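Okay, so subunit A shows up in both of these, paired with subunit B first and subunit C after.
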Partner chain A sequence: MKDILLKYINEQFQADDPIEAQDDLLGEGILDSLGMMKLILFIETEFELKVPPQDMTIENFMSIDDMATYISNRK
Partner chain B sequence: MLFTLPHIIQNSARSFPEQDAFRCGRDSMSYGELDKKTDQLASHLIMKGVRKGDRIGVYMERCLETALAVYGIMKAGAVYVPLDPSAPHARTRFLLDDCGIKHVTTTAKQRRKIKAILETETNLESLIGIDADLTIPSVSWDAIFKIDLSTYQPVKIIESDLAYIMYTSGSTGAPKGIMHTHHSGLSYAKLSAQVYNITLTDRIANHAPLHFDISTFGYFSGPLAGATTVIIPDAHTKLPASLSALMEQEKITIWYSVPLALVQLLLNGVLDERDLSPLRWVLYGGENFVPKYMRELMGLWPSATFSNVYGPAEVNQCTYYHLNTPPETDEQIPIGKIWENTTYKILGEDNSPVPKGTSGELLVRSATMMKGYWNNNVLTKKALYTEHIAPGVEHVFYRTGDLVKEDEQGNLIFLGRNDRQVKLRGYRVELDEVEAVLGKHDSVEEAAVFILENENNEKQIAAAIIGTKEIEQSADHLIAFSKTYLPPYAIPNHIYFLQDFPRTSSGKVKRSEIVKSLIQR
Partner chain C sequence: MNFSLTSEQLEYKNKVSDFASANFGGSYVKQDKDCLFSRADWEKCADFGLQGLATTKAYGGSTDDVSILTATLAMEGFGYGCRDNGLPFGLSAQMWTVQYPILTFGTEDQKKKYLPKLASGQWIGCHALTEPSSGSDVFSMETSAKKVEGGYLLNGTKRYITFGPVSDVILVFVKTNPKLGKWGMSVFIVEKGMKGFTAGPNRPKMGLRTVPFGDLFFEDCFVPEENLLGPIGAGWAITNSSLEHDRCTILAGQLGAMEHQLEETIAFVKQREQFGKKISQFQSVSNRVANMKLRLETSRLLLYKVAWLNSVGKSSMMESALLKLHLSENFVESSLDTIRNHGGDGYISENEIERNLRDAVGGVIYAGTSDIQRNIIAKLLGL
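This part shows the complex of A and B:
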């Protein structure tokens, strides 16, 4: 799961240096707000789940590790 | 007395030393603390040999240290230059070189990016705000805060001195730096603090990053009134549910952002679960706000007055249009009337005034106007319009490039551009810059860049390419290539490969024809 997310983010958003699973995606300017919406859409299709607005929080989306935990809890 | 931007902090520190000046996440800083710490930064810079007028970079995420950097740099008589940490390194290096920046203020979070930039950047001499094993000397913020001020001699600055340079998209393929003086910055702070009646009890949400001109409201106007500016951390700007929780917790009274942030709050911000009743002003700028979304949002926030703020970064702000009640129709919201201490003209292509109600270019003359573009007299001249009043007396206007008309109530309506600049999520993008970047690629013979709208009526950048045979390489490759030169919001969303472009008899590319043929596909 983490690899899928890593690959997607590195391909879509990273130009200069590739990121890692524990990196803070939100604080370091890797994703902008539209990028975040794209990523959530990707997660919804890839892992076949719906992310409701109240789940779109920092706790769930700070890093790939956090996203993986969130997705596992939802499955 | 208030003549320069640092006077704002010195004044507020004298009057309300304990009041929170800035807050961000769990951190806060009082006016007294801000005044002292910015003296310490200024003292360090002076000791490093920084002289009046030197440019100093601010390479930071949204954090409290941005406020320290802005005011500390100006106190040293230097000029702050915001650098966008999400920009590609090539662009950052261009800005560093273009401005001749020798010192950069930063934070520990930017360590990895700073290291990458240092690999090829040789002109930098020192870094402030990071304590790491780097190729040039660096000093942590903690070390700055230990500096003894007993021998500190403040630099004498006057209002016509340069205060900051903000870069924006340039049509030739290189970004251009907009120079503001203490006078133009402070004039904006005074006017906006007055229009929005900012007081000591206000809590202003600063959503924009420092390199975006609307940040001057939170960094200058709020402190001028002794209010508290809440810097929204980067993470919250991306996740609306966390953002609305922060707004509630911080009891925000004044909001200012691009419309997109407000639309995202409306759609995904779980606003029905939040008490945002302290909100009294919602300012938006940068682009049009879709009336149907504004109507919905105003229904949820009945105590807030909305204000459409207009003004290119070159003049900070020059008009406003307040809405106390939701718009009744879907007609575009006016940009409103020209504010105080500002005059304007609406001129046709022949530089003569257009009759009232017809479209023309807006020209503005104001105390809040820039000094010019950094290191670019040609561009500065082109952007300014000089009216000779009497021998030795001239009125200088800024040509906004925005087409407007005046309605019967005297409000200005924005109609579009007279060039190829577009606004995407509030950011200015020169389509010619995107074209120039794509043209740099070896396999691209010619590029034509234009705007397409997707099914949700969102503007997207598209590029048509005539390439050499090797261009059979995918569109992804060209997108990755443009990412190394352009900021994220200026990257083309779609690439199309064509054999040739439709052209006029003189050989000029007819971009509108390309758009038509692509839509029909």
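This part shows the complex of A and C:
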């Protein structure tokens, strides 16, 4: 799961250095609003789940590790 | 593909249109000139159940299940029948940027306390996001919340807030974790009368003059802990959650107004004579009418598509940006064409033709400017 997320984020959000699973995507400005919406759409499609607005929090989307935990809990 | 509406949907749309026409189909020259908001009109809409479309019956609403498609059709009908573009704009603003976030993110106590009063028209609510230095770059806001015993102290200024001067309840967006930028925003529910909160006067504007806009000031405004909406850091999710509902219904109101505008223009050019014949027989006039029809129908297609995508839980990032850009710009163009086709009559305020143009200009600015929509579209295209 983390590999899928890493591949998507590295392809979509070309940072100077490759993004790692524990990197802070929000605080470091890697994800903007549109990027976050695209990422959520990707997660919904790829992992066949619906992310309700209430779950779109920093705790769930700060890093790829956080996203993986969130997705695992939802599965 | 099937874009046809069910008989129930059409019936409801017509019912709303008839209601709007009967109650708000008259002259708005004075209200527009004097920037008058009518609380009585607001309450009539609530009695009819319009504000209730964004709230479920359990909290005083008029629906079992909030439906973007129903609300879009209702506001299209409303925009067609109502001659005041400010009223449908204000309705959508409160319904989707105040009621719906409380319905989606609120605690049980918050829902019970605020939603019945908002849906019944007893209270008016506003969404306080923009600031003096944060317009399109809205998340660069400076208003902050500092944790203190039992709650938070809010400090900052909000600018150009729809219904700001008359609101009883305000959703205030603040920074709670400045290091996280847009991801460190939270929302508090502030009530009129809370110490440290003041609302500025109505700021007269070019169009939509029947809806008060104003600034809000927070100076060590204490807000109890229970007035936090959603978790800390949920600001982005809250403002994002209702964006498409808000967009669809505001634009639906404009679409209804465009349809009415087209019908009035056709009636006028078919009876007005110059140089010994009806002006509809001049191609320069009839071509403008044809363009108006094209703008109306392409706008409607995009609007229905976005509403439908949302109603079936599909993403509409691209379509939504295309819709906002297309419909709002089209309303400006068609309003200009209407004035051109009416000649001098179209330029005189008392004839209530030019008002649509002034109202339409706001549409290319609020809820994401046309420039921002083009940026989104380009970015989604990988540019």
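Basically, the second predicted complex is superposed on the first by the 74 of 75 C-alpha atoms of A that agree within 3 Å, B and C clash if a C-alpha of one lies under 4 Å from a C-alpha of the other, contacts with A are read in each partner's own complex, and residues count from 1 in each chain.
Keep this in mind: contacts are C-beta pairs under 8 Å (C-beta built on N, C-alpha and C of every residue); 3 or more make two chains touch, one makes a residue touch a chain.
Please read these numbers as outputs of a predicted model, since none were measured by experiment.
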Could you say whether A:26 touches subunit B, subunit C, both of them, or neither, answering first, second, both or neither?
both
Applying the touch criterion given at the start, work out whether A:17 contacts subunit B, subunit C, both or neither, answering first, second, both or neither.
first
Partner chain(s) touched by A:41 [first = subunit B, second = subunit C, both, neither]:
second
First, second, both or neither for A:54, with subunit B first and subunit C second:
both
State which residues of subunit A lie in both footprints, the one left by subunit B and the one left by subunit C.
26-27, 29, 32-34, 36-37, 53-58, 61-62
Contact footprint of subunit A on subunit C as seen in their complex
104-105, 139, 179-184, 230-231, 233-234, 236-238, 240-241, 313, 315, 317, 376, 379-380
Interface with subunit A, subunit B side, in the complex: residues 61, 84-86, 88-89, 109-110, 112-113, 116, 233-242, 245, 260-261, 264, 267-270, 273, 425, 476, 480, 483-484, 488-489
Help me check something: in the complex, which residues belonging to subunit A touch subunit B?
11, 13, 15-17, 24, 26-37, 53-58, 61-62
Where on subunit A does subunit C make contact in their complex?
26-27, 29, 32-34, 36-38, 41, 44, 50, 53-59, 61-62
